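Input: structures, listed below.
Two complexes, one shared chain (subunit A), two partners (subunit B, subunit C).
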Partner chain A sequence: MYKNKDRYLSIILISPSILAVLIFVYGFVAWSMRVSVSAWKGLNPDYTFVKLNNYLGLFSDPRFHVDVRNTLIFTGVFVIGSILLGFILAVMLDQGLKGEGFFRSLFLFPMAISYIVTGVVWRWLMNPATGDRLSGLNLLFSQLNLDFLINKWYTTEGWGIAAIALAAIWQMSGYTMAIYLAGLRGIPAELREAARIDGATEIQMYRYIILPLLAPVSLSALIILGHMSLKVFDLIIAVAGKQLPLDVPAIYMWQTTFDGLFYGRGAAIGILLLISVAILIIPYIRYTLKAEGSS
Partner chain B sequence: MIKFRIGKKWLYIPLVAMAIFYLIPLYIMLITGFKSFAEVDLKTMWNLPQGIHFDNFIEAFSKLAPSLGNSFLMVIPSALISSMLGSLNGFILAKWKFRGSDVIFPLILFGMFIPYQSILIPLVQFMRMIGFTGLFGLSLAHIIYGIPITTLTFRNYYASLPQELLEAAKMDGADMLGIYRLILLPISIPSFVVVLIWQFTSAWNDFLFAVVLTGNRSWPITVALNNMAGSQIIAWNVQMAGSFLAALPTLLVYIFLGRYFLRGLLAGSLKG
Partner chain C sequence: MFKKKMYAVLIALIVATMVLTACGGGSKKVEVFSWWTGGGEAAGLEAMIKIFNDKNPNIEFINAAVAGGAGTNARAVLATRLQAGDPPDSWQGHAGQELIGTYVAGKQIQPLNDLYDAEGWLAVMPKTLIPLISDGGNIYSVPVNIHRANVLWYNPSVLQANSVSVPTTVAEWITAMDTLDAAGVTPLALGEQWTKMHLMETVFLGTLGADKYNGLWDGSTDWGSADVKTALDNFQTILGYTNSDSASLSWQDASQLVINGDAAFNVMGDWAEGYFRELGKSPNTDYGWAPVPGSGGVFQFLSDSFVLAVGAPDEDGAMAWLKIAGSKEGQEAFNPVKGSICARTDCDKNLFGVYLQSAMDDWASNVVVGSLTHGVVANDSWKSEIDTALGLYIQSSDVGTFQTALVAACKASGPCK
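And then the complex of A and B:
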């Protein structure tokens, strides 16, 4: 009896949260799906069913093609850059140097800052102006006689988005460093000793022992960073505002919905983003919970 | 071994180089902020200021003060409430499982990864429908979309506690709420710190919800700063000082509570 009372109480206490998540996540996703197959364009909701027209419209829309290309470039540069840099930093910090804590905090602090702040500062650092108006990093390169490094940053034709990814690497590589460092710390010292005794060089040890052991960490980093790049939005807005060469699905969604009032198309972009994220994340959640259950 | 030790010193060269890379944006924000209006020039942007001046900070603060206030007003209740809910949920999902709780947990978790573009239109419609506009609606959104991460962190923490701890209290006649209040809550303080600063940081740094849910009187700092940066009238030096002001609260939290920040990061390695 006593037990039953507690059981009901626990369900009563948790249900507001469950209800809120059900409505605000699943209910709203369903609602968005409904909007994405509607003709809604304008201030007043219009739920006339138009089949998959909004989606088909996007697939043949040149602007959406730019978005997909930009997302792919951004993801590639950002994910590979953050993982490589984070891993290298973690390996260096794992050598037991003095001042490790200081460097670790330093590499991680950008994570505490908003993409908007990062974006506003990098917008001036990556100022593409030339000649007399040279400024930001380009000016620094010129003062250091590194003129070959001067470039057009986010205004580089076709590849401007890669410059935005650099700012994102600055912001997020500390995160990959932190999870790699935690992973490295979890590898027993005996394993490394054993490898050294067997005559393995440091490089061989990383290649054949450490990297395979860190595979789960790399997978997490890949998925977390990958799904972040699908959602990238604030950073681009803060660096460059809304401009076509740097367009991504999240910006297109925002603009077409709230500036263009084309709700049907906006919702379709939202749902396409959701599907791409779900493909990455659902297996990840299952894998993580299963690994936890078996340990 | 020894050979490798000697080699280690050389690691400071790349480490210091990387440290410089990470500090560049901070350096430029600070030196620009402390320059007088007369010294500000894009051509000398890398030079140190001649003396300390507060012109830029005062100018930026006078423009951003209302939105800094809005941010605090919105972030503090959001962080507190979603942490409380997360703790309660985490306790129930870890220690008071009911039928279906193993299905509910992953369903809640997925909520922290969804791209918010996929719920944005209904969110705005819904908030307008029930009349929750401005800061109040924004806080509510942060509380609800914060539930997954706070629940995850607390559930993982509570799941790591031995069951015997609860059994002993049960023997003494404590009921569920008693166990939560008298045993779990007091030892959850570090987890609360982790979750609170995590929620504080993410709500403070949010832009997407803020830009669709607030109007110009209720803009939090991210929206106000972005608009300031987008306007042609406000000089870049004031933008830099403004960026620093916008970053300061979360930076201070990071500097003083960085340990907890890192722990939150690793605890929620399931985090987007």
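And then the complex of A and C:
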């Protein structure tokens, strides 16, 4: 009897949020799907069914090709960069050095800043001006006589998006570090000691003991960083504005929907984004649920 | 039983609140939606609101401005409100197809021909302007200010030092830029993508002339023609004389290169003049201006204008506002502060600076054509397709593909068949 009452109460208490999620998340996902197969162009809704034409149009749209290429480059550079840097920082902090708390906060701070602020700062740092107007990092390189490092940053033909990923790495590597640090702390000291007694070098210990034990942590980091990079929007807008060489699906979706009034096409891009994130997230959720169920 | 009473009380409370909010005020009001939230624009709007309040003391003015340059955020907010059936009484939009293609096509705004007749505005606005803000013979908006898009800004001392005179044709312009390039000066300052579209439309105008340029937008000039190919080739040549870091510069940064003597020319709308003044520069000594080469005698305009909503909650209030927006008094209050000229040709010249006075002369005498980048000649969908084609072209420098994409854009979203 008592248990039953608790159950009713809990259902009543969470029902508003369940209702809100149902309407504002799944309801609108369904509505976007409907728009994405409609002919809606212009201010007034037009739900004429056009099959998958909006999607097919995107697959043959040269701009969408640019978007997909940029997303792949961004994801690659950003995820690999953040994980490598985060892992190295975590291992270094894990050596029990003095002032660990200070360094930990120092590396974590960038995460507390919004992408817009990061973007504005890096826009200035990565100024591609030449000659007398040299500034930002390029000016620093020139004064240190490292002229070979001077480059065009985010205006580099074809690869500008990688420069944006640098800013994102700066922002998120501290967070990755924190995840890895927690993982490292969770590894019992006995395991390391056992490895050392068995004569493993430090490198062998990391390669054969630590890294395999950190696999679930790496997977979490990969998923979190991966879905962030698929949705990247504000950072690019803050660094470079709306420019096609740095276009990604989220920017195309915004521009084509609200500047161009192609609602059907915009919704189709949104759904493709959702699918790409889902491909990344769903196996992860299943994996986590399984792990929780077995424990 | 107790529960039922509770429900009854709750419902009564909710109904009471709704009735109270609906009755709130009771007097007349007008809600005007714009993106004038900062600088001279906001100050100009305030000046107009003051006149409105003086003349209409019984109508409450609600300033529903949403921040964001050129209205990018405001327009998304407006679209949401219109789709929800909650229009403001009047809102700001770039005069021309940006309004017509979106809101007339969506049956959201009303024709204003009666207002124009009653106020005698047809007699005080340029004849070539009216077709550009009309659709099917109906005029749909009241332009408050006018900016000119086809202005070539130059640094007089840089030109003098290299013995270059101000070019009047595209060919002269290219020769002049050759000389400057050889002398180690950046010939033409350029900024981010939209400033490239701005440059492109002025090169189109300079190459094709006013008639064929207008034809691009009503379907009578073929986008696939040799003329357009020549214009695109000119555009390609001219892009070759620009600074390499254009993608990282705002329009202000680009204009500043000219003022600082780092570049000789810049093509930008005449809001650049307001920026030069802000920097403390003086006309004719620190900066000079001319129509973009090839477009002399043509005024390529853009304008902020106000409309009347279909189903405006307070139509009388909206009409009272539009009367102020189109009046000599209202425009003379707004434009000197904003740094633009009146849409009317009878404003007092003494209120304006040297550059704006020359623009007023041209506005009253030149052939008026509309700007693409700033919403006059092409609807939003068409413009965004052109923008995408331009972006892809800047990456590839392939004129042929660009022209094919422009032809396709006109067919998909413009008047071409």
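Quick note on the criterion: the second predicted complex is superposed on the first by the 288 of 295 C-alpha atoms of A that agree within 3 Å, B and C clash if a C-alpha of one lies under 4 Å from a C-alpha of the other, contacts with A are read in each partner's own complex, and residues count from 1 in each chain.
The working rule: a contact is a pair of C-beta atoms (placed from the backbone, for glycine too) under 8 Å apart; a residue touches a chain by one contact, two chains touch by 3 or more.
Model, not experiment: these values are computed from the prediction.
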Practice item. Report for A:I285: first if it touches subunit B alone, second if subunit C alone, otherwise both or neither. Key: first
Review point. Is A:L230 touching the first partner subunit B, the second partner subunit C, both, or neither of them?
Key: first
Practice item. Could you look at A:I209 and tell me whether it touches subunit B, subunit C, both or neither (first, second, both, neither)? Key: neither
Check your understanding: Any idea whether subunit B or subunit C touches more of subunit A?
Key -> B
Exercise for review: Could you look at A:S32 and tell me whether it touches subunit B, subunit C, both or neither (first, second, both, neither)?
Suggested key: first
Check your understanding: When the two structures are overlaid on chain A, which partner does A:S135 contact: first (subunit B), second (subunit C), both, or neither?
Key -> first
Review point. First (subunit B), second (subunit C), both or neither: which does A:A250 touch?
Key: first
Check your understanding: Which of the two partners, first being subunit B and second being subunit C, lies in contact with A:A200: first, second, both, or neither?
Key -> neither
Review point. Once the shared chain is lined up, is A:P110 touching subunit B (first), subunit C (second), both, or neither of them?
Key: first
Practice item. May I ask you to decide whether A:V68 touches subunit B, subunit C, both, or neither, giving the answer as first, second, both or neither? Key: neither
Check your understanding: So which bits of subunit A does subunit B touch that subunit C touches too?
Key -> 45, 123, 127, 133, 241, 258
Revision key, fill the gap. Per the touch rule, the subunit A residues reaching subunit B in their complex are 2, 5-7, 9-11, 13-14, 16-18, 20-21, 24-29, 31-32, 35, 45, 88-89, 92-93, 95, 97, 103, 105-125, 127, 133-136, 139-140, 143, 170, 174-175, 178-179, 182, 196, 202, 220, 224, 227-228, 230-231, 233-234, 237-238, 241, 249-250, 253-254, 257-258, 263, 266-267, 269-271, 273-274, 277-278, 281-282, 284-286, 288-289
Revision key, fill the gap. Subunit A residues touching subunit C in their complex are 41-45, 62-63, 66, 123, 127-130, 132-133, 152, 154-155, 157, 160, 240-245, 247, 255-256, 258-262
Review point. Residues of subunit C touching subunit A in their complex?
Key: 72, 75-76, 79, 82-83, 102-103, 105-108, 192-194, 244-245, 247-248, 262, 380-381, 383-385, 387-388, 390-392, 394-395
**Study point:** subunit B to subunit A touching residues, read off their complex
**Key:** 1, 4, 8, 11-12, 14-15, 18-19, 21-25, 28-29, 42-43, 45-46, 85, 88-89, 92-93, 96, 98, 104-111, 113-123, 125-126, 141, 144-145, 147-148, 151, 175-177, 201, 204-208, 212, 222, 225-226, 229-230, 236, 239-240, 242-243, 246-247, 250-251, 253-254, 258, 261-262, 265-266, 269-272
